[in-house]
Amino acid sequence: MSTKRHYEREFVRTFFTTPTAVEGESDSAKMLRSAAQVRGIQAPDAWVPDNEDATAPTMRAEGVENIIDVVAEHGSDYPSEIHPRVVWHRESPSTRYQGFQQMLEIANPENGAVDHIDGFVIPEVGDIDDWKKADEFVTIIENEHGLQEGSLSMSVIVESGEAELAMGDLREEMGKPSNNLERLFLLVDGEVDYTKDMRAMTPTGELPPWPELRHNTSRGASAAGLIAVDGPYDDIRDVEGYNDRMTENQAKGMLGIWSLTPGQVVEANKAPLPPKTGSWLLELADQTIELEHVDGQHVYDGDEIGLEQTGEDQYILSVGGDERELDEDELNEELLDLTAYVPSMDDIVDSMEEFEAAKEAGKGAIAMTQAATIVIDGVTVELSNDRMWDEATYQAAQTPVALFQDVYQHRPDQHEELEEMYGSDVVQRATNVGA
Amino acid sequence: MSTKRHYEREFVRTFFTTPTAVEGESDSAKMLRSAAQVRGIQAPDAWVPDNEDATAPTMRAEGVENIIDVVAEHGSDYPSEIHPRVVWHRESPSTRYQGFQQMLEIANPENGAVDHIDGFVIPEVGDIDDWKKADEFVTIIENEHGLQEGSLSMSVIVESGEAELAMGDLREEMGKPSNNLERLFLLVDGEVDYTKDMRAMTPTGELPPWPELRHNTSRGASAAGLIAVDGPYDDIRDVEGYNDRMTENQAKGMLGIWSLTPGQVVEANKAPLPPKTGSWLLELADQTIELEHVDGQHVYDGDEIGLEQTGEDQYILSVGGDERELDEDELNEELLDLTAYVPSMDDIVDSMEEFEAAKEAGKGAIAMTQAATIVIDGVTVELSNDRMWDEATYQAAQTPVALFQDVYQHRPDQHEELEEMYGSDVVQRATNVGA
Amino acid sequence: MSTKRHYEREFVRTFFTTPTAVEGESDSAKMLRSAAQVRGIQAPDAWVPDNEDATAPTMRAEGVENIIDVVAEHGSDYPSEIHPRVVWHRESPSTRYQGFQQMLEIANPENGAVDHIDGFVIPEVGDIDDWKKADEFVTIIENEHGLQEGSLSMSVIVESGEAELAMGDLREEMGKPSNNLERLFLLVDGEVDYTKDMRAMTPTGELPPWPELRHNTSRGASAAGLIAVDGPYDDIRDVEGYNDRMTENQAKGMLGIWSLTPGQVVEANKAPLPPKTGSWLLELADQTIELEHVDGQHVYDGDEIGLEQTGEDQYILSVGGDERELDEDELNEELLDLTAYVPSMDDIVDSMEEFEAAKEAGKGAIAMTQAATIVIDGVTVELSNDRMWDEATYQAAQTPVALFQDVYQHRPDQHEELEEMYGSDVVQRATNVGA
């Protein structure tokens, strides 16, 4: 039996939280109302009206009403999924009961919102038995309100050691007849509370990186057919840091991330999509430098490496104070070791199409050539690199394209921006490749 | 049900081992006797008379007698906990039986030591069933000697792959009626034997860093209400390395560490406590530099970055060969990205008090401002940074303060040194905040 | 009960795959036939005729016949183990059935190959129940063909999140009477398909490093008495990168690696063996530099650190722009912090012999001295470092020697090359130490 994903969306790039009720405003639902009307690249894949940490405890009753009002009014036009977060705590039965009551009310069909609610987000879960308690409440709610069993999804915030361990049991537990854990959708890391629960600390108070937690969340999601989402990135001014974090996460198979601001939503919606144009990187021991693209050539004029042509087939390449005399072939070899290519969407689709054609013709593996003109210190070198593609390479390369296709299928409100980004020809080919 | 810690100490900073019997001395218990009389910052949170690896096999019978003698005489005045380590091995029934006999003798009330013994340390444990064998022996010993069931704690050294895996099952196993695993106290990594068990090797013979083991130990402790302690740091001359290791561990939630020498005990008792004075860091790509504190200003005169004022609102900032012209606001922004503040104990208590007052007044989140005068290449810049604090930030910041309070409550012998370190005003406020 | 290894080989350095049938050749078994006749340092510890990914789907029936032909002819003279890889997939019953049929045919004694087949490699396994399906097929095959139960080993490729999780259950599952999982031999990571399964991606398309997967594989192997092997290193021209990867793996206890080419086999057969001659390293913040060995002295003439003698007992040492005036003792101390020694095979055997003699004489711990003449900027310094060795240090140091002895015992075809590498005196002493 295969690991099935039970939801429409195969990928979730963005998880955006909005306070449900803000005190002191003439309309406490103002932020919610505004977030409900965003479209396109600024709208997240999962919108989370947040009736937990983002909303003051005294405002949460009003928050429930606001969620109902706003989702009833704007939900049918909302371009992606809506997953309110309610209160929950593995160590507090009263908080759990409040969470149940909030969900019961929000999901009441008489209130007119539930048709546009895709599921609920449960924070502060503990071990797997605690996840089952939340699942059972949702089952009861579906039953009480005459909703189809399993129609409401459940996403959890992993912010305790117990919950991290529970992700190792999910695959096994999800099959059991006594629960409906198949409703699980997102596994979201919550590093602030996780840090508290683990009693970790750093000199400056910034969050530890928790690479193992992120790996375990991604693996748990992979093994159980769910989607892994990283927690909030606090330093909202630091766009570069946010993107670096996403690149790290992508290498772990964690393709989604929490967004705290509309600006972060835009960054995170774009981050896992391949770039419009390819680029060459110079990969040195202590840094990676992108070569400048000028008139079809890739130029480096910095001080980190130097190149001089000293004869017809003679070059001197200096890297970090180390000078070497090389002929053209050796130079090519050396530069291939020092450089890497970041393929564009167009490149990826090209390679996939080429491999598909080769497979059709009965070949199991073909060489893909990547050629470029590199200019270092004014010296021009024609680089050419062959990489073998077989079925496994092909399928691994497919992840960004599958993500693109999932976005294209489920987010018509982003079509225009995607076409602006890539051109309609590339969009169309990317939509069809690998089908 | 909450994850309860079953012990008085919520934190253990230091785990200090002493050989129980040294051959060739007129008094084989000399080291033990001397270690039993240490007080204050030189005394560890957990003192471990070590009747295993630190003591020659032929001396271990004498070691048991020495433990009894020394603890019976000095135990009542010892300022913290005493946890003898006995022999044990997951693969040797005869070693396990020896460990049982050692514990049976040490815990015999007629010998007069057991009143001052807090528990035993079991090395070389295997999978969870092996932990249960040790637990069962302690239960039998308690019963035979008329001690209260569960009154002796058990700490384990994790030095095998099996034991690492067992930590994932602890939370579940601890609840079962057929064992008394609730007596568990410390999870201590033992990297030397772990390296052997994993058959790992490094070119220079130094220990591998084992980040995943430390994560899993910290997580296991968090999920089961126990305390995580890192293993020995061999290079006892390398104080900076020892402190770097502790900073790394703290970011993993592993706040305790083994100490091999009194000097290491002092370092490790201090390491998790916030500093007396705050400091500013320059965080560059490849290094972190602490600015020098001179007359209330934070000064940098090195070559890594440069700053020049070229007009009234015009600056040139150079970082790693990259020069940028900036106005004052842009400069401020840029420097905030490049710097970080390490708060003092005083700062942390201030922020917590401020947040508590805000919460009292009904606010869920407030901005904390960190301001400083930074001087780079003689150019003075007033930096000011706001950070949002909400309940989660507050609770995460509490870890070092909770540790301080635990130390203050249980280690009166360190009061004087803590007051010397922080001043009595800060000590008093830190003792009361967050209660 | 101890964690037993059920196989002759305690270590596997190299896992070399060969396509079983290549289309368009006059002899489709040509590569197989050639690989079967390699000897010595070019022959892997585990040779894997690969009837899965390396062979086109349409050629796999012919591949089975080729395996049988070539192994029947050359198997009796092959110097190490032979483990064909068949097809398998956790999500495809038809692929699993094909895998069964392939194994049934290869293992048929009438075909004359099975006497030289040590086991099978099963790719794409899922959770532990999936491993049991493959194990059950092998049991049935053994029974049908009148082979001894358990005589065929089973190795798996870990290339899914489920399989990674399954490694945590192995130790427990292997004891159960309803399976024969004791036949397990190698746990091999397959990072290409794992990356696809985890839906991970990197900008350049290169594989993520997956440190946690490698840790978990090594730990799983350690806990269950198996051998951990890393997956293929794609960039076959990058010998330095391949060696760096192996050094990383060794620090994780993963001593084997996949080899894609005969050149990689040679590198990987040598990598875990200690070097012929020791060397001194300069360990700086951002790089490690090996000192040049000239006439018994270790010389550094680079720019990273500088040394000047300014008086009889006065030196100026400059490290990264930081100058310090030191006397000879301080200089010694400082240089010991900056340097590390990579011991040769000879050094390791010396130290072990010395410790064995000390233990014989009743000592539990002795100091091993490492002395050297270091020359920096023409200034000569006599360095001397003591390191305490106890039983644990001794046993940890034994890993490379145990590996050497395992190689020496099982690979007579490599004796000549080992003696060329180390000299016959060192080989003989290394063969006998620690027995």
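In this document, chain identifiers A, B and C correspond to the written order of the chains, with residue numbering beginning at 1 in each.
Methods note: contacts are C-beta pairs under 8 Å (C-beta built on N, C-alpha and C of every residue); 3 or more make two chains touch, one makes a residue touch a chain.
Bear in mind the structure is a predicted one, so any value in this text is a computation, not a measurement.
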For chain A versus chain B, which are copies of one sequence, does the interface use mostly the same residue numbers on each side, meaning over half shared, or is it different? different
For chain B superposed on chain C via Cα atoms, how large is the rotation, as a multiple of 5°? 120
Chain A-chain B separation of Cα centroids, rounded to whole Å: 35
Which chain C residues reach two or more other chains? 168, 211-212, 286
Where on chain A does chain B make contact in their complex? 23, 53, 55-58, 91, 127, 160-162, 164-165, 168, 192-193, 195-206, 208-209, 211-213, 237-238, 286-287, 303
For chain C, which residues count as touching chain B in their complex? 1-3, 168, 171-172, 211-212, 215-216, 218-223, 247, 250-253, 255, 272, 281, 285-286, 321, 333, 336-337, 340-343, 362, 364, 390-393, 395-400, 402
